[in-house]
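The two complexes that follow have chain A in common; it is paired with chain B in the first and with chain C in the second.
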Partner chain A sequence: MLLKMVLKAIGRQRRKHYLIALTVGLGVSLATAMLGVMFDVGDKVNQELKSYGANLNIVPKGASMLGELYQTEDTAAEAENVNQENFIPEKELYKIKMIFWAYNIVDFAPYLSVPVEINGQKIILTGTWFNRHLKLPTGDEVDTGMTALKSWWKITGSPGDDGDTSGLLVGRDAAGRLGLKPGDSFSAKAKGKAVDLKVRGVFDSGGPDDGLIFAPLSLAQELSGQAGLVERVEVSALTTPENELARRAAANPGSLSRMEWDTWYCTAYISSIAYQLEEILPGARVKAIRQVAESEGAILTKIQLMMILLTVLTLLCSALAISNLVSAGIMERSVEIGLLKALGASDLSIMFLVLLELFLVALIGGVIGYLIGLGLAQLIGLTVFGASVPVKAAVIPLTCLMVLAVTTVGSLPALRSLLKLEATEVLHGR
Partner chain B sequence: MSAILEIQNVSKIYGGVKALQNIQLLVPQGQWLAVMGPSGSGKTTLMNIIGCLDTPTSGRVIMDGLDLGSLSHSGLTAIRRESIGLIFQEFHLISYLTALENVMVAQYYHSLVDENEALEALAGVGLKERAKHLPRQLSGGEQQRVCIARALINHPKVILADEPTGNLDETNERLVMFILHRLHKQGSTIIMVTHAPDVAAHAERIIVLEHGRLASDRENNPVVSQPSEQKSADSRAEELNQNQKSEESFLAGTMAAV
Partner chain C sequence: MITNRSFRLRLTFWSLSRRRSRLLVALTGVTAGATVLLGLLTLCYDLPRQLGREFRAYGANLVLVASGTGRLTVSDIQKAQALWPENKTVGVTPFRYESVRNRLRPYTAVGTDFEQVRKTSPFWHLTGKWPEEPGELLVGADIAENTDLKPDSFVTLDGRNKKQERYEKDFRIVGTLATGGPEDGFLFMTLSDLEQMTGETGEADLAEVSLTMDEAALSALTGIIKSSISGLEGRLVTKVTYSETAVLSKLTYLVYLVTLVVLALTMICVTTTMMTVVLERRKEIGLKKALGAESSRVGREFLAEGLLIGVLGGLLGSLGGLLFSRIITISVFGRALMPQFYLIPVTVLVMVLVTIVACRAPVKKAVAVDPALVLRGE
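Showing the complex of A and B:
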């Protein structure tokens, strides 16, 4: 009987219920889209920011930190003074992809600098992996290297190739200074050895790298006499925005309690990833490039805050609209409600009847809104980030909660007036 | 005969208006009482208080030995549900439910829904054939009879009828009064508010309210049908109970009988 009453009541006030379903649907669709994007925005923004370079720098323990911290260019004299303690073995670099947060390591590239003389001018030649295919002991295979790490570089000519041991990528400024262009061949000297090289491409990084020359790592190792060694590694990792815990841990991991330490270690903070890299590469120090990490954190926090605010505002607007619609519905049905009271229906049972009716309508609106919201999220993902937004299971219970909350909050004023409604007033017009 | 209702010194004041003043009334079980009086005399206020839809400002109302003043809001709701059947001048049927469902609503809030019992109640007022009709598809008289069936479905101790014929034409008025007569004969206690003397004439006791006071209280010799009419009415009642006659013939027959 209850269901019959509810369904018939819904059918009778069809227009009002359409509007309620529409209001809930609109609110839920926007909120679902916002939540969907919000859950995914961390990864999306991280990936966007990853295209602007590495956020971790691995250097040997013995190397001077000063140059790394302030990103100064090594001079040729400094490069000549390096010794064996200041290098990381190339064969250990695969371990970078074997830490707890291995899947968050997007790319990494090792570097080894060697001063060379080209056309009578001294310049730094940096050996690197352009695009190295690695087979890990776990069975996984990964491709990594500078090409992906510096994806924003504009290259004229051909990109770097690890197999072409005499092919160079020359920075725009260096090419201008040395009078080189793609396809040029020339002779260079390093540590008294002469070597024939050619320019595969000229790159424009828009930064200080334009003054450098990049070559396959094996060439730099051969010229410098540091076979199987690298002097630093740049790592690009997807990270979680820093918070108080991460900052404390970065300053001193020993200051954390056991539980805090576990939380920190198992969260992809840049400091915990750096810590894990140091664990796996004992001879290295890992420095977070704070500026990048903090920018990521700040951007993410702001975007997420904005989305939460938009979600809350959207739901509040829906609740207000529902409140008006339900109140109007109660007013319209005051005689019916008065009659039910006169027949002996308790306030609770009448409230249940009204809420059941409302929740059924809201549920329909919520389901439609959820589906539209998923579509909206995809639209936002594709338009803003150029990638789809995966459906997160957590959004479903959150959507249910939103429908429940919006409907309940929206119906509160109407329920209050329902409780106050006197049967005598509506039945006898007193 | 024991009293089903006892009203002791009941007054009701709305703001500064004294709607009822020191009303004393004893209603024996099975009595048909008519409450008369001009507009604003307090008839409906008295009905609301008896029907547990309102509470007196002072005084006591005792129904079937239970002091209504001692009951909470939910206690009064329970009395409305269990002991009182309400018949309204405006019928107050739920517009989107059929006649049958309107009767079943009262069942739902009372105990269990029984469609057959609800159909029987409709048959009792000659509307079995109209059970699936919506209120807008029924005439005023038919709507009032659905309202009566709804009031009776839970076997109330007291039937409160507020101007039950106020919105009906003469034919339907006679029909409704016929049904009330039958209920009275079956032992129901009926308290009926009316401003129409010919309607009140059917009751066995008539009280008159004026300015919230009990102006008169007298026994009445109810309108008695002629033997031939009585026979005819009885045979109509039997027909109703057996659900054999169509609504049209029921109406036509009753009209002829009255």
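Showing the complex of A and C:
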């Protein structure tokens, strides 16, 4: 009987129920889309911020000062005495992709510099991986290297190639000083040996790299006589913004309690990733490049906060619209309610009837709205970031709860005024 | 005698005040819509600027260097500062590098302006305090770790200036600096200390400039700098500008798209609310027609009502919208935004249009129906 009444009522006032279902649907689709984007925006923006380059620097423990301190001086004297402690073995580098947070390591590239003489001028040649394909013991395969790491470089000519062991990328300033342009071939001297080299491309990095020359790692190793060694690795990792725990851990990991330590170790803080890299590469020291790491955190937190606020405020507005429409719909029913009252219906059963009807309509609108919202979230994800927005399971209960709360709360004032109605007055037409 | 116009006015107000709850429903709907509209429009306008400011956390986006091989002068840097607007400047930091020695070990000493450094490089992490008094020195983290130049100790630096005269000066180390970059291997002091120590004044190797400008504006600026000050060259820090352009344009696009979706949905919501409110009044329309009112006149009355609700809701919502955008910018960026007052009439106009469009269809339908049918309750 109850069901029949509800269904009849829905069938009868079809137009108005369309409108309620439509509004609820719109509200839900808005909520779904905004919540979906909100949960995902951190990851997406984090991914985008990777274009700022590496945020971790791996240096050998023994040599952490030498390279940087003596950069301007003649390093030839030092390079003579090859000390294993001042280098990281190249064959160990694959381990970087095998730490606990391996999937957060976006890219890495090793460096080894060697002074060379070109056209009678001294200059530093840096060997690196431009784009190396690695096979890991775990069976995974990854591509990594400097080309992806320094996405802002503007290269004239052809990009670097690991296979071309005599092809160089020359910085803008270095090219100007040496009078080189893409395609040039020349002879260079390193430690008395002469090698034939050619310029593949000239790059503009807008930074100190402009004064350097980059070459495949094997060439630099051959020229310096440091086979299988690198002196520095830059790593770009996706990280979680630092908090109090991470700062304490960075200062002294020993100060944490067991629980805190587990939390810290299993969160992708820059300090915990650095710690894990040091664990896996003994003899190396991992430093966070603060210009990138700190700023990332600052911007990420701001954007997340902004999206959360935007979501909450829009949800409030859509909740207002829904509850508004619901109360408008109920108020209109005064004659029907009056009749029910005259026939002896209790307040409770009237409330139940009205709410059931509303929920049915809201449910239909909600389901349709949810689907539309998923579509909208994908649309935003694909057009803005070129990647789909994964569906978070938390969105469904959240939107359900919202619809339930909004319809109930929204109909309360209207329901109260309905229950106060005098049957005779309403039926009389006043 | 009651004129036609005043009668119509009175009819409108009467119909609005007679059923206050209905007015409230329509007004709340329109106000909520206008709040979202104005709030999001204001944010859209302001967000690229606000976010651009945040991106300055990445440090300088322009570097001033001497175009030849020599050094640039401090007066050139000051001249260059007149070339860009004051309100877009975050900071201008001069740097000067000198090779110095401490007990025969070579170090690179850097003279700079620490007040400006904190603006251009907010990511520098300091343990201890910034040098303020003359003779105070900061050491890079690597130096502090690997040598005996520790905080709170005294050091003597010596070296030779360009005229090959030997100089020597005592310093107290007041803090260590960690950046994860080459700065970890330098010694930092105030520019005036470095000048006093070497006896050479008014020079710098480069100046880092942090400006809230996009890549295109900065490129244009480098052209202006080159042509107006000889011997000085501005260079973009491509790493920062390129990435900022990439990320910022995506973020701005995201906000635009979200705004578009939210606005479209909100406007439909307002429309449906208004439709319900009008639908409810079919009986009234029937009665009016039965009493001899022309269809066009009934339509006009509803339009007048929609207009009133639109204006009122639009104005109320504009206040809400200003608050909405203010809450977001203050809590996220810690800065109040500039309210764009010309957006208020736009909001009111849009809301009036929406209410009128929303009223039109149901009124037209109600007017078309035979009043007898409507009054009978069909």
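One rule holds in what follows: the second predicted complex is superposed on the first by the 371 of 430 C-alpha atoms of A that agree within 3 Å, B and C clash if a C-alpha of one lies under 4 Å from a C-alpha of the other, contacts with A are read in each partner's own complex, and residues count from 1 in each chain.
We take it that a contact is a pair of C-beta atoms (placed from the backbone, for glycine too) under 8 Å apart; a residue touches a chain by one contact, two chains touch by 3 or more.
The model shown is predicted, which means the values in this text are computed figures rather than measured ones.
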Exercise. Applying the touch criterion given at the start, work out whether A:S349 contacts chain B, chain C, both or neither, answering first, second, both or neither.
Key: first
Quiz item: Thinking of the overlay built on chain A, is A:K8 touched by chain B (first), by chain C (second), by both, or by neither?
Solution: first
Quiz item: On chain A, which partner touches more residues: chain B or chain C?
Solution: C
Exercise. Examine A:S29 and indicate which partner it touches, taking first as chain B and second as chain C; both and neither are also allowed.
Key: second
Exercise. Could you look at A:L401 and tell me whether it touches chain B, chain C, both or neither (first, second, both, neither)?
Key: neither
Quiz item: Now for A:L339: first (chain B), second (chain C), both, or neither, which partner does it touch?
Solution: first
Quiz item: For A:L419, is the partner it touches chain B (first), chain C (second), both, or none of the two (neither)?
Solution: neither
Exercise. For A:L382, decide between first (touching chain B), second (touching chain C), both and neither.
Key: neither
Quiz item: If you stack the two complexes on chain A, which partner ends up touching A:L136: first (chain B), second (chain C), both, or neither?
Solution: neither
Quiz item: Which chain A residues are contacted by chain C in one complex and by chain B in the other?
Solution: none
Quiz item: What does chain B use to touch chain A in their complex?
Solution: 44, 48, 51, 53-54, 73-74, 77-78, 80-82, 84, 86, 88, 90, 92, 94-97, 101, 104-110, 113, 150, 162
Quiz prompt | chain C - residues contacting chain A, complex | solution = 21-22, 25, 28-29, 32-33, 35-36, 39, 43, 51, 54-55, 57-59, 99, 106-108, 121-125, 142-143, 145-146, 178-182, 184-185, 235-243, 246-247, 250-251, 253-254, 257-258, 261-262, 265-266, 268-270, 272-273, 275-277, 279-280, 324, 327-328, 331-333
Self-check item: Contact footprint of chain B on chain A as seen in their complex
Solution: 1-2, 4-5, 8-9, 11-12, 335-336, 338-347, 349, 422-424, 427-428, 430
Self-check item: Residue ranges of chain A touching chain C (in the complex, touch as defined)
Solution: 15-16, 19, 22-23, 26-27, 29-30, 33-34, 37, 41, 45, 48-49, 51-53, 57, 64-65, 68-73, 150-154, 204-207, 287-295, 298-299, 302-303, 305-306, 309-310, 313-314, 317-318, 320-322, 324-325, 327-329, 331-332, 376, 379-380, 383-385, 417
